[in-house]
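Think of it as A, B and C in the order they're written, each chain with its own count starting at 1.
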Amino acid sequence: MNPFMITLVLVLLSIAIAIIRVLLGPTVPDRVVGLDTINTLVIASMILFGVAKKEIIYIDVAIVYALLSYITTLFIAKYLQGGKL
Amino acid sequence: MLAFIASTVFCFVMWLLLTFNGNFWQTDELVAGIVMACIAGFASRKILVKDFKLANPKRWLFILAYLPRFFYEMAKANFDVAYRVLTGRINPGIVKISPGLKSDVAITTLANSITLTPGTLSVDVDEEKNLYIHWINVKKEVLKKMPRDYKPICSNFPDWARRIGE
Amino acid sequence: MIWEIIYIFLGIGVAFNILASIGLLRFPDVYTRLHAGTKCTTFGSIFICLAAMIYGLWKWHAGDKQMIVITIHTLFALIAILLTNPTGAHAIARAAHRSGIKPVKAVVDDLEGKNV
């Protein structure tokens, strides 16, 4: 079996563990930390899937996803601290 | 005008790298790239290029010399965090340091380096460019005097940031 | 030979990513969770991207012209991760402190009560 595919399954497992923190998180920043971690893991798993299937389009999607998720995190943080957007 | 040319060249190099597919570029790809790079460079000329400090080749050499040391510190940081995850021994606190840097590039470099290196995470920065740092394992001797000594917290990263960004 | 290097890099990357998730569960407050969530995922993703880049370069060297694209685009994704991850962590930490969350078991808090 392709080693990139096995790695992908293990990364998805760690995403599942991080989702528990998003569901449990007593405060809102805890949930945002969980989401930020999940974003990075999703980028890694997209790269792994693209390499395993030899489809370059997934890696392009990973680049765009990295930049957009960063902007999302900044906006949520700005909203939490109560400033003007 | 110089800012427009610099950002256009930057955008065009990005376009060339992103459209490379093993063979040389076709003519229509190159023409479309030049048109797109002109538009994107005009739109982003005030964001990408603030001043021309980074045009100095000495700074690029400093960045290249900084990378191996930074990567070594980062590996050390990860084993430190792994130890604390597995044992659960923490002793956290928020400390204030005054690195005495002026420019935005230097303070950004320092804050990002601090976040990725052992046991420290930058939380806030105020108007006088003082950094507030969350430290996962506070040492006793730093707590005694009020202008904190930055040597035990982030070793000599402020010197590197000064060389790169000031 | 090259397969062994790729195996080692993938193993290190996956180990640190799983460690990040466990740290997210085990640590007591937002700031220490950010330590685990930022550093470990950045380090793990660097090694996963390095493995992908080595694979692409190897296949390109072996004669498949298309595979160099994997290397270049993975390098772009790696640079995006390296630039954006610490900044996002910084923004979350500042927002958490301004919305009034105290660090648990803190021995010192210089930012306490300061309204920046």
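Heads up, the rule we're going with is that a contact is a pair of C-beta atoms (placed from the backbone, for glycine too) under 8 Å apart; a residue touches a chain by one contact, two chains touch by 3 or more.
Everything numeric here is computed off the predicted structure, so don't read it as measured data.
Q: For which chain is the distance between its Cα centroid and the global protein Cα centroid smallest?
A: C
Q: Compared with chain C, which chain's mean CA position is the farthest off?
A: B
Q: Using mean CA coordinates as chain centres, what's the gap between chain A and chain C in Å?
A: Each chain reduced to its C-alpha mean, chain A and chain C end up 10 Å apart.
Q: Between chain A and chain B, what is the gap in Å from one C-alpha centre to the other?
A: Those two chain centres are 22 Å apart.
Q: Please report how many Å separate the Cα centroid of chain B from that of chain C, as a whole number.
A: 15
Q: Please list all residues of chain A that touch 2 or more other chains.
A: none
Q: What are the residues of chain C that contact at least two other chains?
A: 22, 34, 38, 42, 66-67, 69, 73, 76, 87, 89, 94
Q: Which residues, counting only chain B, touch chain C once they are in their complex?
A: Residues of chain B touching chain C: 17-18, 20-23, 74-75, 77-78, 81-82, 84-85, 88, 90-96, 111-112, 115-116, 119, 121-124, 126-127, 132, 134, 136, 138, 143.
Q: In the complex, go through chain A and note every residue touching chain C.
A: Chain A reaches chain C through residues 3-4, 7, 10-11, 13-15, 17-18, 20-21, 27-30, 32-34, 36-37, 40-41, 43-44, 47-48, 50-51, 54, 56, 59-60, 62-63, 66-67, 70, 73-74, 76-78, 80-82.
Q: Residues of chain C touching chain A in their complex?
A: It is residues 3, 6-7, 10, 13-14, 17-18, 20-22, 24-25, 30, 33-34, 37-38, 41-42, 44-45, 48-49, 51-52, 55-56, 66-67, 69-70, 73-74, 76-77, 80-81, 84-85, 87-89, 91-92, 94-96, 98-99, 101 of chain C that touch chain A.
Q: Quick check: in the complex, which residue numbers of chain C touch chain B?
A: 16, 19, 22-23, 26-29, 31-32, 34-36, 38-40, 42-43, 60, 65-69, 72-73, 76, 86-87, 89-90, 93-94, 97, 103-112, 114, 116
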